[in-house]
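Just so it is clear, A, B, C and D label the chains in written order, and each chain counts residues from 1 on its own.
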Amino acid sequence: MISKKVANVQEALEGVKDNMTFMFGGFGLSGIPENAIAELVRIGTKGLKCISNNAGVDDFGLGLLLQGKQIDKMTSSYVGENDEFERQMLSGELEVELIPQGTLAERCRAAQAGFPAVYTPAGFGTEVAEGKETREFDGKMYVLEYAFKADFAFVKAWKGDEAGNLIFKGTARNFNPNMCGAAKITVAEVEELVPVGTLDPNQIHIPGIFVKRIFQGEHYEKRIEQRTVRQRQ
Amino acid sequence: MLDKNGIAKRIAKEVQDGYYVNLGIGIPTLVANYVRDDIEVEFQSENGVLGMGPFPFEGEEDADIINAGKQTITTLPGASFFDSATSFSMIRGQHVDLTILGAMEVAENGDIANWKIPGKMVKGMGGAMDLVASAENIIVAMMHTNRAGASKLLKQCSLPLTGVGCVKKVVTNMAVLEVTNKGFKLLERAPDVSVEDIKKATEGELIIDGEIPEMDI
Amino acid sequence: MISKKVANVQEALEGVKDNMTFMFGGFGLSGIPENAIAELVRIGTKGLKCISNNAGVDDFGLGLLLQGKQIDKMTSSYVGENDEFERQMLSGELEVELIPQGTLAERCRAAQAGFPAVYTPAGFGTEVAEGKETREFDGKMYVLEYAFKADFAFVKAWKGDEAGNLIFKGTARNFNPNMCGAAKITVAEVEELVPVGTLDPNQIHIPGIFVKRIFQGEHYEKRIEQRTVRQRQ
Amino acid sequence: MLDKNGIAKRIAKEVQDGYYVNLGIGIPTLVANYVRDDIEVEFQSENGVLGMGPFPFEGEEDADIINAGKQTITTLPGASFFDSATSFSMIRGQHVDLTILGAMEVAENGDIANWKIPGKMVKGMGGAMDLVASAENIIVAMMHTNRAGASKLLKQCSLPLTGVGCVKKVVTNMAVLEVTNKGFKLLERAPDVSVEDIKKATEGELIIDGEIPEMDI
């Protein structure tokens, strides 16, 4: 078994530099790599180009990096539950590239799986396709979208083992598995690091080969963005 | 004239037994409340869940189980969770039978604009562009006119598009319309709304063929 | 919950006609849809175009359909542990298209996921790429390969429920998940059909949306092609 | 001269700590027996398993757990199973560090032919074309000459290719050679094999630079 375990978040982020491109797993605030984000805030890395479906809220998630003006560019599908994001975007401090959510997922998967580009129908005929190559297959139009290139992918799983095998929980799975192995270095933080051999080989969502470093995360807040409930009858 | 719940109620009648349905944020979310009890339907949310149930009871919310609107949800027996790429495989691969979403504008050729108003803060398209580019069956739920009273059913969209020629049906507070290659074909009127009212509120080509029945909701 | 359950293999194969294109899951004899194959032998459907990684052995798997001369064309990556296959291929009775294994998997996945075609490096510069479009990305050459189009996909899972959710076991998983939803009609047979609600939603390999019909299979032989053991010390 | 086990033993020295390795059928399979005990290596098989262990004890074979050679296998702690598309994501995405496979012919430019002999029954390429097109680190394990005594290290392959310009290293019963842009660079001789013997058995350009050491196996 090849060990991917590192002692802590500091070791997990070794090699992180200003102006790099990072992927962050998560949908809204669900399944985000809280420890990696907190450490990036602490070390103050600047000029980041971030690939993440969302941009957090003002005081949590990637919003924390925005507060510190650590991000130069966001590539996302949905943003702006976030005043500071809006301010930086409208003032031009922050470059924002909005792309369809399925395109975002598949550009990650393409990078993971060694595909240079994919043809997707999403965005054809819209400004998302402007300047991009388009092509007809069987009477339907597609846009050529390229695999992402990133330096680090920060993902968060529910359980993992020293071999880097990951299991996600519920919809906290989202983009996390698609980003594993999609950057030069994939850093996984887990709620529970279990002994090798305790995960069923049949039930692993991401085999360890896609993960470079794994560590036991701490103090997960797991904030809920839209707490919606029904009344007990 | 219908209110939002009325629109949702009318759209719910379009949902058929055995359908996998993706509901957008806003009025579409309400549709789930009105689907008949005697048919089997599963709701997909593009963040990675199939088989969504109602909102959780207070105290039972789970930060790891949300819908695409980031609301806490529950799942029903037979549900499954999956990653985002798989979720859009369901959508792009046309395994989802019906997509219901809101719009700012719909054009008579089926173009839809629902993600961006130039000059205003843009939140993004989320999964909407994937949904409209792939779904075979798209119903738009929206008000017939905007707050200023201007029609949202247009000859051409004025806002940046979300997708081209993709909308099949529109249900508004005033009418049910089918998008045909000749324009909006009026199928039904809302209670207390006349064909004349709909004509006035529709900028795009409106096809009125024979008697237009009132909605049965 | 939308039910996909059918009573038996006969009902599961409703609509099967001569000259159709079928996908079959399995690698060697592992994870093959034994019940569907047996039924196709019984009803004698002819002129089949089959997409399957392998072609079975003389007296098992797709070899049974070859014995009955029911297959016109095989699209596979590796064939010929099979005398009858060889005879039919060399005599020209059987058309054989050999394609790289990863290409086969991805052409299934493309069909499942709504991609018209993919660029893969596999086979570039070889006869597999002859007549196909090629293209350079970042200095590397790729071949454009199209999504499969098939009428039925026959897959076999370990466990499944009435909603069509599937779980596979070990390497019997192989192409089975990639073929689900990749044909007009996907028929899943399972070793064990469990009550809805007993499978953990977090641990489902293939959500039921990709499956059209599911049934409890019978009499699984699960033959081993190369029984290889080590001596107890 | 080495036998098959000798070739496997020499190749095993190329396997480094932390490597994910894909082993082809034949001699490559034997490599697993000779990898040092003090390094951590995981074996991937393209039919969908990572972390392969030894063959099972008699009576413990499982039809659902096989390798790409269709042999019954076991798994080690930390193993995982996955579908074929994911398996080739590992390969195409260059997550597998080393690919070891057999060949019928290797050309001095790194071309490889190992899947088809025209006029003979063709079994297919299996995963070989994906492996050679994607792997950054490919070692070929083969005999230096064929049964008729003709060289298998050629100026140009005569058989249909499996991949172009992809082989980095060749280990035969006679030598270890690196594929360079000038041809086969002789790195090591097998025990009791002279540089002259290797010259005679190599049709492709052979680069002999200084003293050629004997393999240390």
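Note that a contact is a pair of C-beta atoms (placed from the backbone, for glycine too) under 8 Å apart; a residue touches a chain by one contact, two chains touch by 3 or more.
Here the structure is a predicted model, which is why all the values come from computation and not from measurement.
Undergrad: More C-beta contacts across A-B or across A-D?
TA: Output for the comparison: A-B.
Undergrad: Let me have the rounded angstrom distance from the C-alpha centre of subunit A over to the C-alpha centre of subunit B, please.
TA: Subunit A and subunit B have C-alpha centres separated by 28 Å.
Undergrad: Using Cα averages as centroids, what's the distance between subunit A and subunit C in whole Å?
TA: The separation of the two C-alpha centroids amounts to 33 Å.
Undergrad: Where the CA atoms of subunit B average out and where those of subunit C average out, how many Å apart are those spots?
TA: Centre separation, subunit B to subunit C: 36 Å.
Undergrad: Quick check: what residues of subunit D touch more than one other chain, meaning two or more?
TA: Counting only residues that touch two or more other chains, subunit D contributes 49, 81-82, 85, 88, 91-92, 134.
Undergrad: Find every residue in subunit A that makes contact with two or more other chains and list them.
TA: 109, 114-115, 120-121, 168-170, 201-202
Undergrad: Chain pairs that touch, all of them, please.
TA: Those chain pairs which touch are A-B, A-C, A-D, B-C, C-D.
Undergrad: Touching subunit B in the complex: which residues of subunit C?
TA: Residues 1-3, 109, 111-115, 161-163, 165, 181, 196-197, 201-202, 204, 207-210.
Undergrad: Given the complex with subunit C, which residues does subunit A contribute to the contact?
TA: 114-121, 137-138, 140, 142, 167-170, 201-203
Undergrad: Give the list of subunit B residues in touch with subunit C in this complex.
TA: 18-20, 40-42, 44, 49-51, 75-82, 85-86, 88-96, 134
Undergrad: Show me the residue ranges of subunit B that touch subunit A in the complex, using the header's touch definition.
TA: Checking each residue of subunit B against subunit A gives 45-49, 54-58, 60-73, 81-85, 87-88, 91-92, 111, 121-130, 133-134, 160-165.
Undergrad: Flag every residue of subunit A that touches subunit B in the complex, lowest number first.
TA: Of all residues in subunit A, those touching subunit B are 27-31, 53, 76-80, 86, 89-90, 98-106, 108-109, 120-128, 158, 168-178, 205, 222-232.
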